[in-house]
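Both complexes below contain chain A, partnered by chain B and then by chain C.
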Partner chain A sequence: MTSLSLLNRLAMALITLFGVAVIVFVLLRVVPGDPVAMMISPGASEADIAALRAHYGLDASLSVQFAVWMKAILSGDFGTSISLHRDVLELLAERLPATLELAGAALVFAVMLGLFIAVFATLTSRTRLAPLVDTLNGLFLAVPDFIWALALVLVFGVLMPVFPLSGRINPDVQEGFHTQFFLLESLLTLRFSSLVDISMHMIMPVLALGLPLASIITKVLKQALAEAMVQDYILLARLKGMSRLRLVLQEALRNAIGPTIALTGVQFTFLIGGTVIVERIFAYPGIGNMAIDAVINRDLPLIQGLVLVFGAMFILVNLASDALVAWFNPRMEG
Partner chain B sequence: MAERRAETSSPLSGDRVHQSLWSTLRRDPKVLFAGGFLLLLVLLAIFAPFIAPKDPLEQDLMLGTLPPAGGSGYEPGYFLGTDDLGRDVLSRLIYGTRIALLVAFIAAGLAALFGTVLGLLAGWYGGLVDIVISRLVEIWMAFPPVLLSILLVAVFGSGVHSVIAAIVIIDWTRFCRVIRAETMGQARLDYVIAARTMGYPKLRILIREILPNVLPVLVALLSLEMGIAVIVEAILSFVGLSVSSDTPTWGGMIAQGRQIIYQGWWVLTFPLMALFATVLAFNQLGDGLRRALDPVLKR
Partner chain C sequence: MTEFTRRQTLAIGAAAFLTGILSGRTAVQAADPGTLTIAFNVNLPSFDPTVGPSAVNPTIQAIYRSVFDQFIGQKPDLSFEPGLLTEWGWNDDKTKVFMTVRDGVTWHDGSPFTAEDVVWSLERAAKQETGNPIQFIWSTVGNYKIEGNKITGDVLRFDPTFFKWMAFLTGYVMPKAYYEKVGADGFEKKPIGTGPYMVDEYQGNAFLRLKANPNYFGGKPAFDTVIFKFVPDTTSRVAEIESGASDVTLEIPYEEFDRLKAKDGLAGVATPISDIGMLFINNIDVMNDKNVRLAAHHAIDKDAIVKRLLKGYGVPIDTLEAPEYLAYDASIKVGYDAEKAKEMLAASGYSTDKPVKFKIQTTRGFKPKDYEMIQAIVGMWRKVGIEAEIEVYEIAKHYELRAADQLAPAAFYNWGNAIGDPTTSTGFAMFGPSPHSVWNTDDLDAMIGPLWGEKDEEKRIAGWKAVSKYIAEQGYVIPLLQYVQPIVYKSALKVTPNVSGALQPTLVSKA
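The block that comes next holds the complex of A and B.
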């Protein structure tokens, strides 16, 4: 990617983020439930209500409110959560690492599994295994993360209770972390007992999020590999006596990986969206779980902050996948 | 006369589509199975009061958390057991098809309607209309669906109407994008060019010539969308943002089952299976339709 088009994309990303901010702001200002009504005690007088409205700047015009809000956001002030009575930015900083680790782990798992099955399917494409792989993957494609999560709860939480059903870490182990990136920190500081505990908590949510993505990656990569395998250069390599495994891994994969990455990028944003419900099911303390509570409590400042963070994540993922596609496919340059 | 000729020359006109489509589908066991299952669900939803063995709302704490048939302590008549409030799981499951199918048909139908109208307009008229609609779709799709649905339900308040509105507002883009592309493809074909040469009004060509030819694709998309709608409703019921808790829904039952999972696994299992089977059926039907319609995939 040339630096110019990179700048172009960054500019587009900022515009999109601004659009998201506008939509969130406007949407939440037309909410029928008055946020002030949630905060007052039943006996409050009209004057009290008006004072409270003025305090939160809710008496100014919409455009003035937006300008004030935007200025505050840009200076890092996301307001105070109405339901949790805490600084929104602080809450986000506390919860975001949990979601990032979960989504990241699910992505790594999905890519590895998808890659493995696609290569396996390509190598066995002429055996009796092929229809079985296709049917299974077709079935997996239809199962969304919500159903996976609950099926896992049933199987590994109740039927064979091997994994903890909820939470991110055992409270006994939680002491002594310097950051909120528990998984990364315990990996880097080689604290294996906490690493095991965190992994046990993460396995089910990671599977629920990763399995749908893995089956999509399998489908696309398998098709791309099948197309690549009939190209002339593969035939040439085969005539040179290259083994089939090397052929797939070294030659075909390189050419099939571009479209797969582009698609994985888009699908990864869906995975991040899926963390909302999956975190809920496993009572995992990330921003997705917090988002549902924020909506139920009509906590406007928190909802705004959360949506902006999610929006920023989506845009970053898209930028990253664009960059990766360009890196793997030099023909796109220019 | 001239009118008739323009119509018969369209590549996929009327009866021929139905005939070839039906004969292809008839030979696809997955489609038949999925279609049959969905038909069964529709019948269950319509005749729920006659089929359900118990009142789905009737609580009896003496009969709380009874296991399904075969379990120890099984109470005859409560075939799939009861929940912690003593309500019959089977009856609630049967009544739950009502909300699931209601949301599936109405939400997916309305999303299809809006998306198709905008897609047809963008694909057929092009120019400024296309630019505006396409840009709108792009901005829309930058928004993560799960988050937008939660945001919208927060705005509208909880309830089945909000769920339907949220699905329509989020998913019309799926239809718009595909129908736009499909319309542009059809517009280049001979029968459209012939109709234009005859001097028919543009709107008339769009409705009477192009629309019937994008209809098959639309039906396949619609089936897939219904599966999505069923899941979205279940998710929103699960977090308590859909219908009020005294209406039986699969999502609500699943949420309840998740809470009492150690006391009664069946409260979660049966609605989850129903949800899975329904989503799978809509998916298989949609995929089958798409396979039957896609001339490239046809051998």
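The block that comes next holds the complex of A and C.
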């Protein structure tokens, strides 16, 4: 990706983010559920209610509210959460790392599993194993992440209680982390007991989020590999006596990986969206879990901040996947 | 000194990681007998128990009561007991209040608790800018004076529930010196109270770990450590208790409650709490016809709803006063009578062939079987000549519509009242000027109005009973049932149910 095209993409990203800001701001004020109505005390008078509305800046016109909000955002002030009484930016900084680590781990797991199954399916495409692999992949694809989450809770939480059911770390343990990137910090500081504990807490949510994405990666990559395997250069390599495994890994995979990366980028954004429900089920303290509480409480400043963060993540993921595709296949750049 | 290559370091790391897993450091470790783990149904949004929406969330009071103390304590049966105040009351003509502050109490940071803390907390709560949702009560007394551990104050506007609120929502004593030193943000990060447990570690949306307060004036708590795991998903809470990862959980489906309490090693308790399900009636359209209102009430078989939908876990009620409340009057009955409902509707020209039509609004999943209950009620209504259209909405929409007095002719809601006073149930739900009321007519307001400041307690309670009787006769609201709270716990424990619904760790002990 050239500097010019990168600048273009960044400019487009900012415009997109602004569009997201406008849409979320307007939507939140159009959809039912007045945050002030949820806070009115039984003895409140009309004047009290008006004062409460003014206190949260909800008494001004929509355009004025938006201008005030945008001005604050541009100066780095995301406002104060109505329900949590804390600075929104501080809250996001506190919770985002948990979601990033979870989504990152789920992506790594999905890519590795998807890659493995796709290669295995290509190698066994003419054997009796082929339908079995397809069925297994179909199962992964058909079951959505939250159903995986519930199924995993029942199987590995209740029937065979192997993994922790909730949270990010064992509440009994005094850890004293300096950052919110618990997994990364415990890895870098070689605190293996913490690393094990955090990993154990991540296994079920990672599986729930990663399995559907792995199946999509498998499906696309398997198809791309099948197309690549009938190309002339593969035939030539085969005639030279290259083994089937080397053919797939060294020749076909290089050409098939481009569309898979592009698709994985798009699907990864869905995975990030899926953290909302999965984090809730596993009581995982990321921004997805916080988003549900924010919506229930009609915490407008927090919802707006969260949507902007989700929007920024989606844009960054797409940028990254485009850059990766271009890196793998420079002809795709444009 | 031995130096490792990068590859060796990675190998050692991987080996340690696998050893950790294989050595059994897994999810379900043997519980420390000194630790109580509660799979809690809601998250804790804020540590300040006196401001914002979480301050008026009855469930969260279980946590607040662990860390802080209330001015006046409350027993599990809703009766009052000394808290940080050992004596309290009004003078004879109810123009002054007096309070005696408990001696020998310390804050979690070791500093002494004083009468200044009490007065500062009361004055702070009375200021509108503080954001205390119950400011309208706290502002009824002022001009406090301190003499040693005695406090007096002037009654600015008599409210008979002033001291009752001291044991209820936002009625907590906060640390004056500490709060002024660290500010609101500092308090959120490191809160202190005088309560039985001290905050040790908090991860929002994950857990709160508390340590026993060794200096607690009520004696050392039963557990050294209490962990509240915030598990809002019902399935996950069931799994937490079933797997043994948590010791206690609450608010699970009644079917699961029956199943779990029958399992070896688990026990359960389900008792009525101060939370009722009801149908608001709005004085619009066909609801201005008394026959329609009363027919709608008589047509509902509440016993059948409790028995069939809630598996028997509920108490049918006919007024907004539950049996544990102060102004409960068992003689007020409306009763299920489908024939009477038909007659009343016929008197207004309605029948099954020519039904009266209106809309009913409900939440779905906000309370146990809420939508199913409304479906059943609509079915019962259909048999007598009422055709109701169900509209499902979110609870936030309910609040918005109720505040704007735009609810449908009938709307499902639940109403809590953990001090059991009639003002906090019938009063706020039915008095026209209250922003929470739905039925607004002068006849009822004229009855309720004088009761707010009534100084004669017997006369006041009698007045509220008369109001409840009148409401039942007029059909201004349809009370449905008192909820039952299911709690499941390990059989090695003993749980004392709390009518207020707050599952406080101090009510859990080793069996």
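Descriptive notes on the structure:
The rule is short, and it goes like this: the second predicted complex is superposed on the first by the 326 of 334 C-alpha atoms of A that agree within 3 Å, B and C clash if a C-alpha of one lies under 4 Å from a C-alpha of the other, contacts with A are read in each partner's own complex, and residues count from 1 in each chain.
Assume a contact is a pair of C-beta atoms (placed from the backbone, for glycine too) under 8 Å apart; a residue touches a chain by one contact, two chains touch by 3 or more.
Small disclaimer: the values here were computed from a predicted structure and weren't measured.
Annotation for the three-chain superposition on chain A: chain B and chain C clash. Comparing chain B with chain C, the partner in contact with more residues of chain A is C. In the superposed model, A:150 makes contact with both chain B and chain C.
In the superposition on chain A, A:158 makes contact with both chain B and chain C. Applying the stated contact rule after C-alpha superposition, one finds that A:142 touches chain B and leaves chain C untouched. In the superposed model, A:276 makes contact with chain B only, not with chain C.
By the document's definition of touching, of the two partners only chain C reaches A:51; chain B does not.
By the touch criterion stated above, A:83 is placed in contact with chain C alone, chain B being left untouched. In the superposition on chain A, A:242 makes contact with neither chain B nor chain C. In the superposition on chain A, A:24 makes contact with chain B only, while chain C stays out of contact range. When the two structures are aligned on the shared chain, A:298 is found in touch with chain B and with chain C.
Annotation: chain C segment clashing with chain B after superposition, chosen from 150-158, 366-374, 456-464 or 492-500, is 366-374. Put simply, chain A uses residues 32-33, 150, 153-154, 157-158, 165, 280-281, 292, 296, 298 to touch chain B in one complex and chain C in the other.
Within the complex formed with chain A, the residues of chain B that make contact are 139, 142-147, 150-157, 227, 231, 234-235, 238-241, 254, 258, 261-262, 265, 268-269, 272, 275-276, 279-280, 283-284, 287. Interface residues of chain C facing chain A in the complex, by the touch rule stated above, are 13, 16-17, 20-21, 25-29, 32, 35, 37, 39, 43, 45-46, 48, 51-54, 56, 128, 131, 133-137, 184-185, 188, 201, 203-207, 209, 225, 227, 229-233, 235-236, 239-240, 242-245, 393-397, 399-400, 402-404, 424, 427-428, 434-436. Listing the residues of chain A that touch chain C in their complex gives 32-44, 48-49, 51, 55, 82-87, 91, 94-95, 150, 153-154, 157-158, 161-172, 174, 187, 190, 192-193, 195-197, 199-200, 279-286, 289-290, 292-293, 296-298. Of all residues in chain A, only 16, 19-20, 23-24, 27-28, 30-33, 138-139, 141-144, 146-147, 150-151, 153-154, 157-159, 165, 269-270, 272-274, 276-277, 280-281, 291-292, 295-296, 298, 303, 307, 310-311, 314-315 touch chain B in the complex they form.
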